[in-house]
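Naming follows writing order (A, B, C, D, E and F), and every chain is counted from residue 1.
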Amino acid sequence: MTHWIIAPIVLPAVMAAIIVMSMRHHVLLQRIFSIAGLTAVIAIAAGLAVQASTGVIEVYDLGNWPAPFGIVLVLDRLSAMMVLLTAVLALVVTVYAAGTDWDRRGNHFHALMQFQVMGIMGAFLTGDVFNLFVFFEVLLIASYGLMIHAGGTRRLRAGLQYVVFNLLGSTLFLFALGTIYATTGTLNMADLAVRVSEIPQSDIALIRVGAVLLLTVFAIKAALLPLHFWLPETYAEAPAPVTALFAIMTKVGAYAILRVFTLIFGPDLPDIADVVEPLLLGAALITITIGMIGVLGSNRLGRLAAFAVIGSMGTVFIGMSSFTPETTTATLYYILHSTLSTALLFLTVDMVRERRMGSSDGYASLPAFRQQGLIAALFFAAAIAMAGMPPLSGFVGKLLILKSVWPLPGAGLIWAVILVTSLIAIVGFAQGGSAVFWKTKAPEESAEPADAPAEAAPEPAQGLAFTAAFSLLAGIILLTVFAGPVTSYLSATTGQLYQRQGYVDAVLTGPERVGGDAGYGAKGHGDADDGHGETDTHATEEGH
Amino acid sequence: MELLLASAIGVLTAGGIYLVLRLRSFPVILGVSLLSYAVNLFLFASGRLVVNMPPILSDDAAGYTDPLPQALVLTAIVISFGMSAVVVMLALGAYLSSRTDEIDIDDPDPIPEAEPGAVE
Amino acid sequence: MLRKLLPHPLLTLTLIIVWQMLVNKLTPGNLLLGLILGLVIPFVTAAYWPNRPRLRNPLAIIEYTAIVIWDIIVANVEVAYIILFKSNANTHPAWVTIPLDLRTPEAITVLAGTITLTPGTVSSDVSACGKALLVHCLDAPDPDAVRDQIKDRYERRLKEIFE
Amino acid sequence: MIEYALLFALACYGAALLMNIYRIVIAPGVGDRVLALDTLVINIIALITLFGIHQSSTMYFEASLIIAMTGFVSTVSYTRFMLRGDIIE
Amino acid sequence: MDTGGNFLPIIAALPFVGALIPGVMIRAGRTACATYTFMASALAFILLMLSAPAVFRGEVLQFQLEWLPMLGLNVNFMLDGLGLLFAGLILGIGMLIILYARFYLSREDPMGQFYTYLLLFQGAMVGIVLSDNILLLLVFWELTSLSSFLLIGYWKHLPEGRQGARMALTVTGLGGLAMIAGMLILGSIVGSYDLSVILQHKELIQASPYYLPALILILAGCFTKSAQFPFHFWLPHAMAAPTPVSAYLHSATMVKAGLFLMARMWPVLSGTPEWFYIVATTGLITMVLGAVIALFKDDLKALLAFSTVSHLGLITMLLGFGTEAAAIVAVFHILNHATFKAALFMSAGIVDHETHTRDIKRLGGLRHLMPVTFVIVTIAALSMAGIPPLNGFLSKEMMLEEASHTAWLSNPWILPALATLGALFSVAYSFRLVAHVFLGPKRDDYPAKPHDPAFGMWASPAFLVVLVVLIGLMPNLIAGPLVDITAAAVTGGHPHAHISHWHGLVPAFWMSVAAILGGALFLSLHGALERGWNAAPRPEAKVIFDAITRASTRASHWLTDTLHNGSITRYGAIFAAAITAAGLFAWFESPMSAPTREMLPINAIMAIGWVLLVISTGCIIAFHRNRILSLVLLGVIGLAVSMAFVYFSAPDLALTQISVEVVTIILLLLALNFLPGRTPVESGMPRRLRDAVIAGAAGLAVGGLTYAILLRDFAAESISAYHLANSYKGGGGKNVVNVILVDFRGFDTFGEIIVLGIAALVIYALTKSVLRGPGGRWLLNWGPDDDEAGDRHPLMMVVVTRVIMPIALMVGAYIFLRGHNAPGGGFIAGLIVAIALLMQYMASGFAWAEERQRYHYHAMIAAGVMTAAVTGMGSWLAGRQFLTSSYGYIHIPPIEEFEWATAMAFDTGVFITVVGAVMLALHSLSSMSRRTGEQVNIHPMDVDPGRGAAPADGKEA
Amino acid sequence: MFVEILISAGLVISGIFGIVGSFGLIKLPHPMMRLHAPTKATTLGVGGALIASMLYFGLIERDLSFHELMITVFLFLTAPITGHFIAKTHIHRNENKDSLPETGTARPWATFDHPQQEQEQPEQQS
């Protein structure tokens, strides 16, 4: 029996509690503790990924209640990968925040960060749709706090919009879950998969509404048009380390769509796929277009980066919309790439803001700043990654997606959209980069020392911040260099994803379930036969 | 009875959405609250409606209502309570900082003064 | 020491009774639990009730309670009559000032509460020094009578109980 | 007999609730609104109690108790708000 | 496979390694930096030369390494004649440029960056020509666009540099993207992305329906890179780069990449009419147009740039002919052009460097001042003009020969005539270059005093000019074998180049004569022609490009800002409309069957509840501007909802709803103390109507959905049957909802309390940061709108609270303890306790009460979460999963049986968290009030007759 | 039978006072007068219902509980406070020192008692 699956969720929660309880006045302690904890989480996540790579789907029955009656955590290749990605990103972001003193500019940064990690991990690991909602809320509310960390008028107003929009999203999530539960009578994803596939024709309309509502919920998180409106202001105004962490948040939406619409509402259910796939593809094409046009139409690096995120999510969903193994593999690769690149881009933007007085990331020409060359190089790398230029992973990812959609209907349109928007993005990045990094004023031109308060730009501790940024870059490079092994892992992941009977069996009947049936009998006054009997009854009911 | 509940949920939803679309933070918060009532009732209704069969085990009970949606709604109520508290405080914070409770932000991306004659 | 551990014995007693009323099942276990809670809660909240009011004559409480309950019933009938059958023009509302002899906040509160719960009167304010009570009467053609009745019927008895 | 008395009482409180909501919406002053709300809360307590008799169930006692408690707190909050602005200063 | 192929990745990698050198070496000094950078290129060149013999023997060296098998992207390199020629040019001229740049760049220029960019570019170019995989080629291809962007924009302080760089990137990026598509199509036709495989499938490719799209897309890449009409305009603007860059990019390398690729794909793509008409025509137009424009350019580098355009057109045209002979000529001219054009660019740089101007109108007579430069330029220019016996003559003559017998749309005259015209202008501008810069009288108004530069600077062009002469004199000896193997690689056959100075009185001879004489004539008429040229209206490419770029940027900005204008209310409207539409779309696509459930009869109580709810909702909408009234109405709705929960058998929900309700209202009231009391009228009737329509539609949809659900049963039995069956025997509780919360789905609750805890932390942090910011400063001067009533802490309230609060705490304990078996539980109990504390805080003030508070709220939240977590982890000790519950009974003889359950411990965590969270939120709000100067009382009540003479409003200082 | 009559009477009385209280809220002309209606009539109204409930469960269902008594006590404890605060609100908003009778003491009614503003005090946070 192994309890490691739950560690990525419980460990951050406990760490956050300890930070709040005993070290809320000591930032240095918080940093050490937070970084050490995340390192441990990475180690655990890596172990889980190795475990998952054997292809065995591991199931953890919380409270020792068998699925579908209790909540289960499910570790498969996909969730293991996302967990590891999250852990790595969180560590990098925390290091950056510590290196730039971002964590000192408000209260509870590290605790919120840990809670945020907990929420994201939970969302990736859970095998229960309502529990998914709960973890969405955990990650959202932590993100609200992080988004408005350090305050500031503009940030608070943007934060208010972010919260309001997501409250609407959470409401919608519950509507979707209500509809799905009302139709199927279950919340467990594997059980849902079984029940939805056997749904009588008379309930198809209801389950379709549930599926579409759920899709829109995840689409909000994933910033799919026309539900993306929360993103530009949020990303442009949030503290940079937070935005960098948010790189994984859009992916939570993508992950959820991938999970739910392969497992529960799989592509083999024409009644649902006929609605979902065109919606998704249409939205994705508009998303990438509007995102990349936004890259060109921005006047601030922060906003540019935000729209670049939207564009990259469009790319993700173009890949995802057709639900074939090839496209899904390509999409997964692109998700990995996009997470790291987005984070890098935002850290770079922050480095610029920090060095240009008054947090200005606008395109107006300002005096050159410290370490401009190095930061320009980082920005350049992030930009080519985001725009999908070689030699970084964005290019590889884009090629994978282009190639994988080639056999599908509408490939010509998809290709045209992806390529044309790439060009728009290239031009946009070139404009922004050249305006900020090249078009600098001579310092004496704008020297108005009276107006520039010394404390406005605290001297950042460079080492840690650059370490964080360069480790993201290193990640991108590794992802590119080892694209072969990575894609073969991802192919296997996709294989597992489309082999949904494997998931269903593992959760509902599988031998891998920790503790197994034997454990159940050991409950207080519980009784093995009864519990087992229930399961059996249930199974026979589904049989007819 | 079902019709009453369904129409009440519809009315709450409509009212909530209408208020969410107002221009000041306070009505928006009211709207969000109405929506959370609506959705809590909706989630509750997913277990169907039963009178006088509370999910408390007893020997002489004629039957029980579906307990699961109730548990879900409880969780949802608590979560939306936390969320409401945050949004209220955030609205207050934004108001105190910016001296306006307008919820829209004007001109999110101002054009910086351009270099004359350059496409930059 | 005992004062610290048992800051408000009467409160403890009340709480034990309240507990029994809540659990509605008189068992040794419940009694014990009630006792524990009845001791712990006043201890924990003692800081919020810094001084302990003296009760000179606890038994007088019973008489007082009986009078008040009777007055409440009468009050309700009277008020219902006024609402239902008396025209608004014939109703004579009035403000009445009640000079207070009571000095303990607890006693004043009980008096004010009684006034509100009884015929056609609402205690609306106290003077800033706490030595007068402002009462509003729904229908009081003779305000002085109201004042005298209150002082005689309630305040006198409370004075006996508390001071 | 109890059944009819119960129906009578239920009807009375139903009508009372409608009057309360009328007074809440159409009121000369804010104080009246709070007063009407307070009354509404108390009427609802009565209604729930009657409903408990109707269903022969004691399950609803806690609801009444807590409504009584919260109704008190909210009335005090509203009035404090009108008196002082800040309710927990 | 030849092991010699193992050098190939090293050759390709060396420049990239070299690109890192300046970063490390720059502090060692400029010369050292240049030297080491040079050595990287040199080493690559040497390795290339070591591989050359095998290529000359006719072998194709290969190296293969799988990179991304799923994509077909392999690190495959090959070296054949074509690759050798190009790699040689790239590395060879690259070394010369490194040398030249060392002297050209001034002290202010960051040399390290320059070399880094240059070598990146070099590596990309080498990669292109060595790639044996078209996807790998694409990688390098795009890298050249990126690195040239950096090189062209190197002088980043110059607007022309930045704009030129972006223009180059845009145009070549456009082509590159098209090429990605083309290459992917090509690969998908063949089933492999390896060039050596693709090159063997001519028939397959040309028969494919995707041939034409692939061809067009790939050519788009080639044409943009090689500045073919109509994409030629970026190249002159790239001249804003330092001259070494121009010399490198526009003679031997970047612009030749397009030609290289056309040559590379020639075996499989050429030979079709499509190929001929697209490629040859484009080349022809480009050749003539470039030459004409070049004649009228006064900027030395611009002249050279357009001449480059023209020559690239020439080569393109030759490749487009699709014949083996033409291909040989193309290859030969590539070599020749590289030599003389690089020399010319470097010389132009020398002139610029020495005279500080590149304007031909300001030059002339330099012959005497800069004799060395003069000689170099003259030889190179004559070669460019096609004057025998220089190498340019040889290939141009051959080109005219090929043109002379190629028909275009069956017309045998057009092509030769235009080719001659192009040659004519070529002669004219080449002569002009020499005549107007070096000949004529010496002037005394040069911006700087010119003289020949140091040897290091003219060594490179001189070396190239020597090559020009040598190839011209001994073409078959020096260039012949190279041309042969290159042409062999291009055509896939075994061609042999017959290069000679005299072909007899063939048409080409007469065309050449006409070109030279005509060119001389045109130069003599230059003044008149120029006036005509300047007077003629013609489209200015840069203006058009800028207009397009600016327009699209503006349009993008407009679109982006119009869509994302910061109006959350509009976003919300779109959100609601979109989701309603999506839901309806899903709904109406399929039929619903008849209801399966019997409906409950309508009950009068609930009908009244319904009326309360609907009226209140309607009134909230109608009167929402009156904020306090809205809150009251919100309270009514909350009560109505609670009534529904009571009625429909959900006592736990009712309790929770009621207690949450009051805390929410209190928070809102606390906030409303600072917020405006009324909402102003802002949205007009159309706007309100729009919102009403959206809201109404969504409301109808939700109502309909609810009704549809309520009319039918579950499709399969709900899992909650199991919960009912196992609640008591498995979870030890009779309140199934509570057992679900703390046991079956305890993990949800764990998340839920964390949400609550986070909410409080967020509120706290938010308050802190607001108080630190402008909000805090404003609060200092804040005063309430209405005057406040006296008596903050009324006596009656304080006294009653002293009794009620302990009772309420008792109720909280009761609700908590019974939760497992009856309605209640940790959450509701927590709220009740919080409300009890709140009563106390309202009675005597937050600060007064807080001073008497023994527990820190932060710690309470954390302790609650920890309690829940530790309870969950406790099951690990028993070898069970997180949150596995356990329960049992304790018998203490004299008393009775006590039930214990671990779920109780978990519920305690819930309880503590709830209390801590609510109190922390209230604490935060009250700290805002204290910021306004609110004072803290020392007495629990304001009015206290028992206090005697003490001032009634005693306040702490 | 007697029990039933008792319970029924309680219910009817409760209903009458409940509706009368709410009716008074509408009928009475002055805010202070309206205050009398519900705080009293409703107290007996709900009290009647609670007593009836207690009797019903105690005597008919044989499940005597003191819960109802608790609620009644609770309402009796809190009703005066509620009334007090609503009255103070009215006094604060609609009355002034002259429209009310004298306190007969040196100090005004507490609602009108505005202690002189003291100096600004720095933020106090824990």
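Convention: a residue touches a chain if its C-beta (ideal position, glycine included) is under 8 Å from a C-beta of that chain, and two chains touch if they have at least 3 such contacts.
Here is each chain with its UniProt name: A = Multisubunit potassium/proton antiporter PhaD subunit; B = Multisubunit potassium/proton antiporter PhaC subunit; C = Multisubunit potassium/proton antiporter PhaE subunit; D = Multisubunit potassium/proton antiporter PhaF subunit; F = Multisubunit potassium/proton antiporter PhaG subunit.
Source: prediction; values computed, not measured.
Each step here moves to a touching chain, and the least such steps from chain B to chain E number 1. With centres computed as the average of Cα coordinates, no chain lies farther from chain D than E. The chain pair C-E and the chain pair D-E differ in C-beta contact count, and the higher one is D-E.
Centroid analysis (C-alpha atoms only) places C farthest from chain B. With centres taken as mean CA coordinates, the chain nearest to the overall protein centre is A.
Our note on geometry: chain C versus chain F, Cα centroid distance of 13 Å, whole angstroms. For this pair, chain A with chain F, the centres built from the Cα atoms lie 54 Å apart.
Distance between chain centres (mean CA atoms), chain B to chain F: 33 Å.
Centres computed as Cα averages put chain A at a distance of 61 Å from chain C. In chain F, the residues that reach two or more other chains under the touch definition are 16, 21, 23, 35, 39, 43, 65, 67, 70, 74, 77-78, 80-81, 84-85, 88, 90-92, 107, 110-113.
Shared interface positions of chain B, i.e. residues touching 2 or more other chains, are given as 20, 25, 38, 40, 42, 45-48, 51-52, 54, 56, 68-69, 72, 75, 79, 82-83, 86, 90-91, 93, 97-98, 103, 105, 108-109, 111, 115, 120. Across the assembly, chain A contributes 130, 134, 137, 141, 144-145, 148, 151-153, 156, 161, 164, 168, 175, 178-179, 181-182, 187, 232-233, 298-299, 431, 434, 439 as residues in contact with two or more other chains. Contacts between chains, counted with the stated touch criterion, involve the pairs A-B, A-E, B-D, B-E, C-E, C-F, D-E, D-F, E-F. Chain contact summary for the complex, chain F toward chain E: residues 74, 77-78, 80-81, 84-85, 88, 91-92, 107, 110-115, 118, 120-121, 123-126. Contacts from chain B toward chain A in the complex involve residues 20, 25, 28, 32, 35-36, 38-40, 42-43, 45-48, 68-69, 72, 75-76, 79-80, 82-83, 86-87, 90-91, 93-94, 97-98, 103, 105, 108-113, 115, 120. On the side of chain B, the complex with chain E involves touching residues 1-27, 29-30, 33-34, 37-38, 40-42, 44-58, 64-75, 77-79, 81-86, 88-93, 95-99, 101, 103-109, 111, 115, 118-120. Partner chain E is touched in their complex by these residues of chain C: 11, 14-15, 18-19, 22-23, 27-29, 32-33, 37-38, 41-42, 44-45, 47-50, 100, 102-106, 108-109, 112-113, 123, 125-131.
In the complex of the two chains, the chain B residues touching chain D come out as 51-52, 54, 56.
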